[in-house]
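The first chain written gets the first letter, and so on, giving A, B and C; residue counts start at 1 in each chain.
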Amino acid sequence: MRRLWIGLTYIVFGLLLIVPVVRIAAGAWEEGWRGFAAGLTGPEALHALMMTGIIAVVVTLINTLFGVMLAVYLVRAKWLRPQLKRLLNSIVDLPFAVSPIIGGLMIVLLLGPETTLGALLGRMGVDIVYALPGMLIATLFVTFPLVIREVMPVLQEIGTQQEEAAHMLGAYPWTTFWRVTWPSIRWSVVYGVVLTVSRCLGEFGAVLVVSGNILFKTQTATTLVYQDVENFNLTEANSVALVLAAASIGLLLFMEWAKSRNSAGRHG
Amino acid sequence: MHVEVRGLNKKFGEFQAVTDVHFTIEKGQLIGLLGPSGGGKTSILRMLAGLEQPDSGDILFHGQRVNDLPPQERGIGFVFQNYALFKHMTVAENIAFGLQVKKWPKAKIKARVDELVELTGLAGFEKRYPHQLSGGQRQRVAFARALAPEPQLLLLDEPFAAIDAKIRHELRSWLREMIDRLGITSIFVTHDQDEAIEVADEIMIINKGRLEQKGTPWEIYKDPKTPFVASFIGESTVIENIASLRGFEDVSAWPGTRALIRPEYIEVGFKEDFTQLLSATEKGRVSHVHFRGSEWLVEVEVGENKLVTYRSLEKDVLREGDEVLVLVHRAYLFNDNDSWVMENKLKAGPIAFEI
Amino acid sequence: MTNMLRSRWWSWGFRSAVMLYFVLLIVFPILGIYGQSLSDGWNAFIRNLTEPIAWKAVMLTVKLALIATAVNVLIGTMAAWVLIRYRFPGRSFLNSLVDLPFALPTAVVGLMILLLLGPRSWVGQGAEQLGFTILFHEPAIVVAMVFVTFPFVIRAIQPLLEELDPSEEEASYTLGASKAKTFFRVILPSMVPGIVSGAMLVFSRSLAEFGAVVLVAGNIPAKTLVASVYIFGEIESDNPAGAAAVSVLLLTFSFVILWIVNYMQTRRTNG
């Protein structure tokens, strides 16, 4: 009986997860190494990959910084009333519930060229929608909860006593944060960062709506794949998809390795 | 450090944790805050430390009001109940923390850390991490860390609560000795009576947020000022109708008065044991005996009252059903208005009269 | 003293910046879309919603999401069971593999399904023989939804299985119950909260999924057009009001589900 279940599980995993990834690799290699390289190094592909890279770096930096601070405030801040904290806490999760298409739509509705804000900024020379800023905002929205959700449980678990001890020994909040709190949350921040980067690489729906998918201007790796599939340019689509898949899987493996290292070396 | 607290009040939501507490502590004293769990002792300690803000009242160190001073600047050492050692720092780094924050020169820090490591008997453990230490060792690190910056006041929150009973005794005497040697004003919170009595110069009994009594262990034992204190320290029997006992008939003048009688003030024996005070005794019957390891616990019925006392192992063993004579030396009496200690009137002997 | 003043200003600055960021990024846009969808009045809102194509899209999405949920509950429960209760070679490898759908970009997922199940692939041709087409028809959408939400049920059940006290099972056996009976009366009930919250997350996410679906669905209105693609279409055809109306419907749905899942989880940790 046992073997039946294990065997079935293997089959499901194999069919559902392993085979598709292998197929992408095969597709990318359909025209051999040259085809793969050409697909990858064509000007559209390079520009798209660069856009994805920029977004990933900027969004991760911003959401890590604000995310850690917000996590600290939501768990520790004495200046927030508990009811307010609970409310804010449930709001943090909202981006998870929002379809990426809707996420993009929200930004277009608020900051698009026909809105007051958008028009105002446009006249000042700053384009939001159909330009990089809008794409950044959309991705910030979508990845907002990731770092916060990794850090908050750890902050709750370690409790306030070590921090109070540091206060009694004369350390002000800044010093206390760096010398006492940070070492305890370091790894959960790393996990949050990895998840954020991974999500940035993969973000599609929201960015598609906000960017307008303008070739050489606002196209990201994922929207490029979309366009290529629509245009039957499958080799390029496969090549870029393979790079994205490899990066994502690489990040996933890194997380697993980091997690196993940490739980092995965890002290009681 | 001379500590004075006036009119301290603290509410957590709807719960009144501390009500109108006043006290003064002289420099160099070792004070125990004793009372049942949830009584407000830890809240008082944390307010002294600056970790909580009182709703009203003043806290003065050396005559200066410190309510607005953050914990970083109060010059207090705090030992937490669960040690709160910095998990990712070694013993030496933990102890050095407060000095690094004060920006002491490296050499001075090292000297002080070595001094404290010697003092607390942790030599050889400097490079260990907290998870590699036993409970008693961790407590000593917490102590060393709190002392490193030479605080003027040492606060300890149930320092031995999380430690095995056996080690607790050792650590208690060690703590007492250490604090005596350093001469530092100290306040510790505990719910363990024996600990407070053994370690402290003076005890403050805190119950339901109020300071019931402050005094030396002996004063508190001998002259309890409230019924709670009387029943909290030592073991007592409660007697509803004390006037029915010989020597206490006068108490019927105050109806509704109850009594607490300590086992130490009940004497049980036979005619031969009570040569002079025979007239103050009355008849009783042994209803129960327990062996307690170092003495016997004897339950005696006197009329409708059940009294409890201890009997030394030297004396003859009593058995259930024995007819004995019982002498109550003194009782602590209380009613709604007043409380006082009363001696057995007949102890003075029927022959004595006022001169 | 000045040190304290300086740090007061800094912390005030930090706090306002962070809270402002939070409110502007999350609260504003959500309030905005609710506002915009109702900006032409309640009647216009209802009209947008009940447009036949819009309504059909929503119904179709709900139906397919339910199917995907059922599928993932079944295989997810089995997978969680196997991964936690059995020891076998490759176990930790499979366990790490579970998170793969979380990691992969949805567009890449769409492409994978396209290649694997398209009319020129083995599976696609095999299906043709059996009389149904996968790609650009409903089955492909379900496959996309199942793939993308694969980890949810598994990751929801695993901690519950780990927490299960072996002595409860042992007690059941000593009282004479068979393995099957023990499973249904002792073990399954403790897994149910995980199954339910996992299922709700699967449903919620499947409703919202765009990237994987848009590439493989064919997107024929009233036939294979799901809600998210409909919204996308309305945006492209300059009908933000219509898009907003359906969005608000989906959003409200998702928020309610999210709230229920949160509520259940807090009840579990407090109860």
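Rule of thumb we're sticking to: contacts are C-beta pairs under 8 Å (C-beta built on N, C-alpha and C of every residue); 3 or more make two chains touch, one makes a residue touch a chain.
Quantities reported herein were computed from a predicted structural model and do not represent experimental measurements.
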Applying the contact rule given earlier, which two chains have the most C-beta pairs between them?
A-C
Give the label of the chain whose average Cα location is farthest from that of chain C.
B
What is the distance, in whole Å, between the centres of chain A and chain B, each centre taken as the mean of its C-alpha atoms?
57
Just give me the whole-number Å value for how far the CA centre of chain A lies from that of chain C.
17
Determine the centre-to-centre distance between chain B and chain C, using the mean Cα coordinates as centres, and give it in whole Å.
59
Residues of chain A touching 2+ other chains?
172
Contacts with two or more other chains, residues of chain C listed in rising order
none
If a residue has to touch 2 or more other chains to count, which residues of chain B qualify?
70
The answer for chain A against chain C in the complex is residues 2, 5-6, 8-10, 12-13, 16-21, 23-24, 27, 66, 69-70, 73, 77, 79, 88, 90-110, 137, 140-141, 144, 172-174, 198, 201-205, 208-209, 221-223, 225-226, 229, 237-238, 241, 244-245, 248-249, 251-253, 255-256
State the interface residues of chain C toward chain A in the complex, per the touch definition above.
7, 11, 14-15, 18-19, 21-22, 25-30, 32-33, 36, 75, 78-79, 81-83, 86, 88, 90, 94, 96-97, 99-116, 146-147, 150, 204, 207-211, 214-215, 228, 231-232, 235, 240, 243-244, 247, 250-251, 254-255, 257-259, 262
Show me the residue ranges of chain A that touch chain B in the complex, using the header's touch definition.
161-162, 164-172, 175, 179-180, 183-184, 267-268
Help me check something: in the complex, which residues belonging to chain B touch chain A?
49-51, 70-73, 76-78, 80, 82, 84-88, 97-98, 101-102, 129, 131, 145-146, 148-149
